[in-house]
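Right after this note come the structures.
The same chain A turns up in both complexes below, where it pairs with chain B and then with chain C.
== the complex of A and B ==
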């Protein structure tokens, strides 16, 4: 007879001293883990509820401007530095981490229309006063350099704002026509300005290198492509989006839309795509190789979209609108993933997405700059290994069960202010009545005379070359 | 090429649009499978076994012989308790560490049977019909003469559930936190012990006396055996049984389902044991015994123990094959067996009988390797507390109890039958009724006339639409059946 029964030695299963960690035996046999799916579902439900509980996106505001914040600019290499320009001609340099203004420059006598950094150099450009380009240093004295670039500076003296405001620019260029926007080439010391015409400038020269025109009154925004660096795209008042190649003397092609675009931004990862923020409440993502049909129409705003900026991952972008909300859209989705609003935030003038892809900043009409988390419920700060694993597991669960009605409902729900809700209802009624009218027309006319039109092509008038 | 890769390929072909995504997912699943297989290398323990010599049968080996050939720690697992308040019902906690004994004449005792520590012992001073551990080994429920009482591990009465009246059988669904009770008059109740609310309570229509009750551990469905030979499966979501099967021509004495929820065993007054496949409700095996079996139980490794009078027989591999002889047989001295239960993660079978309790060794009955996050025999106080919180957080809602526990992960696809039904339904929709209210003042006669005209016009429109649809359908069929014979043109149209 041979016999053996299970006989465990407790010392194999118990920790030796109180200071050890507990020994944990695992057996992944599915027989020992019944109800795997319902339990996972319950965990997913908990995860999605926790996400709602922890969704506190607002981090703080930078106040100090005494007029509307017109434009914001990211520092090309330092994450904590932000430059903002106001409607009274003031430029402020901020340290975001400390939420403190480091330097104030009275740059122009009128509105600061645009800001752009010089790539690889320690200065930036601003435009204002109609047609003036001014070149500024982020920090001039060594004291300022320390303040701007060193985050962990605890001495009290360095935290005070410098009194000796240095209002003399490094260089001033006076142009001949009004300028509305500016951008800097990603490699060469070349700038492009827009306004009455699109002009190319070299940093050191006071005359434009080239002037590009295509029958437009005013161009509001121009942006260089970050990868194919000689390309740029502009949005103008004749409802057009124009593509330029600065190596050629003429613009490449343009697309005319139903309403004009306020801003454009290139996708930093798929740099052949760009998104235009339109006056008709929607955003349009285009492939520059085929402008006749946009890749995606992004709907959700209930008023004109003023500004748009991409996440450095190229998967999402943020848009600021005249309806006093910021929305975050996935590039390939037609609806927004997130909406941010506060009671005091007024019409948005500009939004940016920080280069570490974690924060969104916005400047608005009521003189404040606000800092938001890009992912509303994300934990900021260092994460333990197990914490990180738990977060990843929760994400996966949410994804797995996202199509279940209860989970979808909780994760989709966003509270919006009353005025947004009302205008959403109003807009829905309008669109429905338009749809009904079209259907009626179709029903009562000869078959084929009232064709069906795609939503994507509805707002595109023509593409010209 | 093996079958699975072939089916994968056909799927890829079918859903070309999501080809890449599907491929990635399939690869992940493959890798996971590999990893989980590799994780088996890390398992520490090996299962028990009992092999007889060439001229001997396993069932001839007595407990005495087994105990003599084992080490001292294993030998202490065979013990007897002579108690005088029997017959006793037995309940082991899920991790196989704590044991609960309930004597019909009021004696209740909770024991850590491995160390032989007595946790609590008292006499309820009224009859005890059934006992059951709740979610943690700190609480248990006792079905007493009138009501169900809940005690903690000190023996202090924590609750008295007066809504559960004259309960005879108790069982606990640990992942749902539901205490299920069956009463004398066939009333079934599900009580959520985490919130103290009765989730469902009903007496099934035309209910017969419940002779035995057990749960299906794989899907939390409750099985009740009745005196008329039927077994019904209940969920708290409807008072009609989800499945009702006739298992025996006479009264059923015991019912048990194995851990994976594949096999069900029933014993009848006609001295039979039947093994059923719970997926298609077909009888797999049928055995005939010498006497009437009165209780039975499955172990984690699918061993089946049956109490017959004063003898316990354990069968091995009795579900898929025909078991010729018992694996182990143990005889008590003239004492009727009332209850048997295998202990999880141990090779031990607990037997409650009229004169006390016996624990016998059944080599190879328990799962040797436990998962400490699921149930841990060596859990400390802090681990127990943490586990309790985790369990509460992932408590499954009672609405999710159904025959198929995986239905949440399945794609909701309409069957062909449903599609056809919907289509045919469209053809027989009634015309819309109109509610007529005019703004002008009209005489009753005129109003009736206008209303009639309107309704007729709606009916006409509806009929036209239906006819149009039918015509379309017919044309489609015609197109499908069209043959392109050259001589077809001479056919009369």
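== the complex of A and C ==
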């Protein structure tokens, strides 16, 4: 008897070399794949669980300051350079990649209130001692330059921190009033300082160019718009956010909120949007053309938000709070997508998002600077082609099934420390009771006398022209 | 002080005070005799003078200026009048002054805060307008499927699409030119903007002229008719008059009745069908709430009925209609059929058939249709009679002789034919069955009968009731007994349980409110399906507007097992791409300019396409 069998040439379906992948013959006819969706669902579930398993966002800390880290500053062109100022007047220049301090400057006798880089130049400015602006070089000697900018791993000589006595700034400007914050124009050699008054400075001049005033209250933070470079926004102690245009040398508009804003940051991709970190635990994203109603209220913190910084892609921002956590918010969402905390991290004073959009850095009360991944479970470093494809597929699956309860629950869940949890509960109870009270009032008063108010407009007091 | 006041007053009111002084002087010079009296009078008058200012005390500085100038000058002081007294040589100066005075004066400048506010407002408007130029780009970036950062990287590796490439192609060599000319002039070329090639169109044109003309005419006629009809319908649809619609309804009904009458004569079977339809309509009407007085209209009219006669009439009409519809119709006492003498019925009809007949009776109950139905039946009877008249005769002949004794061998063979009615004529069937058993006239009926007999014993309704009871019992929340024997009392063998304690420790379950409690023939399961609910989205997620859209999204797999490599790759593209170790600069004006240029190019391309299509 002769038995007929299907015979194939092995070279058609076997790999050519040992490293080649197996060739898989597939028939994409959907009738042959009745369980495609259940399988994808299972994959999505696995992906979302894997995301949790690989979520290890903490990369390291920069230890070295001997007092509270007051402010952080990104180098405008070098990703590995970070400058930090502390409450004891010390400024440190770090190499993030090596996690090493490269230079320490005893800049001021008091708190370093603010730092800002000069665009396109090799120096930066710091303010402190009440009303002095000091100009510093990142690196003065060739040795330092090599250390700051070149990532050579072999140099043992530069292993130790150079204890340089070179504490003399390039330039010192003494102002007439107290300064609380400083920012540099994105194109021109102009700086803006805030404090008792908002003043505009030229880098090379010792007198302010102009003074922009509206009211007598202290202004804590001022930021230049990175896109429409002549605009800036400030946050003051009279609970106001003020817009300025330095071209017109006048403030433009003021919006007063229920509580003070601690910090502001412009969206680097959307010229007219900025976010304010408020004392009332929330963040408010505004369109500068319509200040009476914020675009979005971002809730999740349980204590005052101290600082905020945008991702350079303009899609997300990071906020640091007095509740000892960092949260990452999508610009168009009201809730955070991520929360970072460690046992030892205390009140946050400053957060920044690195210019390659991959890392988040934070300075806090307990003298450390911490480095975090912007995406907690992202693999750092080069990826193979198929690895990349798999990651992308997982991302898409998570997105596709994100509305299904099980997957949504797992991806949303974040463990938070006990104190956060308790204050969340407390806050919830408070809000509920407030809501109940309002509902009762509404129920027992003439219809229409207790109007419903949008959450977005609740915390805006007035817009002043 | 008083004196001063007086003096001031006298200045103020010159005539009155002067008079008194004069009078005083005259009186003094008149007589010595009356001196005392006069003196006393004087004293009195002085006293009076002293008293008077008390009454009308005025502030001097307010009324009189230091230089005794009148504060209420009639007109403004004019400069040219000031130099009136000057000599003639100053005429030109006077003219100049006059000219100056004719010109309008400047307004008083606004106060500083107001000025600042206005400048802020204008500046803000300018700045917002300036910033709005980013709108389109921001919008595009937000909606982009993919954004690659840094944005202003030069795209050196951009490839042309095939269309762009083809567009740019120009024949250069001789051969290419020749081929190109051949290709471009060919009649069989199919261009993108045309459905048919030139050659095909030519072929189509070759159809004879006459035919084309007639077809064209026909088409035109049809189109005109259609448009007329449409216009008519549109007009009619627009009419809002209630009376018109009522009349229309009546008219329709009348027409239908007429048609029905006609049908009854011509095609009784179709008429029966129609009857059933009408029956159904009536049932539907009965089932609806339209004729009940619960609708909005009825409630409104009820209010209005007090004063409005038409409303009252309308209501009463409706009430009547509802009465008519809801009245249970009495079964007519004896149907004609039973009266009709029928030989076969007498002989063959068994009790069962009679029963079945009765089962069919209620169909006839409809009072609207009774007349029609009776007429129909009479007709059928007549037909039957005709059919069997022959046999009747034959049988009658035999009856004479043998007195109703039937000969089983002598039977009549009838041709099978279609019944005129859809009603199963059971008598007839049975009769025929009896007569010719091998001729199965109506298989279906027999089948039904069979099934009925086979399941005669099954009590479906009771079964269902029991099942429902079981399910309700099973799904009912149960009482929980928390009583533990031995707690708080002696335990062990032979100890009686305390009934009261047991009662006290049972937690009563809440009474179940099932949806199917009052629904007889339905079981509604109220158990939540945990297995499925785990996989169900709670509500429609944001970007989707309907469920099917969302389901479609979920139903399409994106994995490499079910999609080709290219499709998989394109479907899993991330929304944001960044480059490792690259600084992402903020949005810059160059990006905006590039974007504007690109979008303009796209717009032009589109325009070109449209133009070429036309």
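Note that the second predicted complex is superposed on the first by the 443 of 465 C-alpha atoms of A that agree within 3 Å, B and C clash if a C-alpha of one lies under 4 Å from a C-alpha of the other, contacts with A are read in each partner's own complex, and residues count from 1 in each chain.
Here is the rule we use: a residue touches a chain if its C-beta (ideal position, glycine included) is under 8 Å from a C-beta of that chain, and two chains touch if they have at least 3 such contacts.
From a predicted model like this one, the values you see are computed outputs, not experimental measurements.
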| item | value |
| --- | --- |
| Touched partner set for A:42, first chain B, second chain C, both or neither | first |
| Touching partner for A:4 - first (chain B), second (chain C), both, neither | first |
| First (chain B), second (chain C), both or neither touched by A:289 | second |
| Which superposed partner A:14 touches (first chain B, second chain C, both, neither) | first |
| Residue contacts on chain A - larger count, chain B or chain C | C |
| First (chain B), second (chain C), both or neither touched by A:313 | second |
| Partner chain(s) touched by A:228 [first = chain B, second = chain C, both, neither] | second |
| Which of chain B and chain C A:54 touches, first, second, both or neither | neither |
| First (chain B), second (chain C), both or neither touched by A:22 | first |
| Those residues of chain A which chain B touches in one complex and chain C touches in the other | 26, 28, 33, 37, 39, 41, 43, 401, 404 |
| List of chain C residues in touch with chain A within their complex | 116-117, 119-121, 123-124, 126-128, 130-132, 134, 138, 141, 147, 149, 533-538, 541, 550, 553-555, 557-564, 568-569, 571-574, 576, 578-588 |
| Chain A-touching residues of chain B, taken from the complex the two chains share | 36, 39-40, 42-53, 56, 61, 65-66, 69-71, 73-74, 77, 175, 217-218, 220, 259-260, 300, 345-347, 361, 363, 366-374, 376-378, 380, 383, 393-397, 400, 405-406, 408-409 |
| Sites on chain A touched by chain B in the complex | 1-8, 10, 12-14, 22-29, 31-35, 37-39, 41-43, 46, 401, 404 |
| Chain C-touching residues of chain A, taken from the complex the two chains share | 26, 28, 30, 33, 36-37, 39-41, 43, 76-77, 79, 186, 226-228, 231, 243, 245, 248, 250-253, 268-272, 288-289, 312-315, 355-358, 382, 389, 392-393, 395-397, 400-406, 465 |
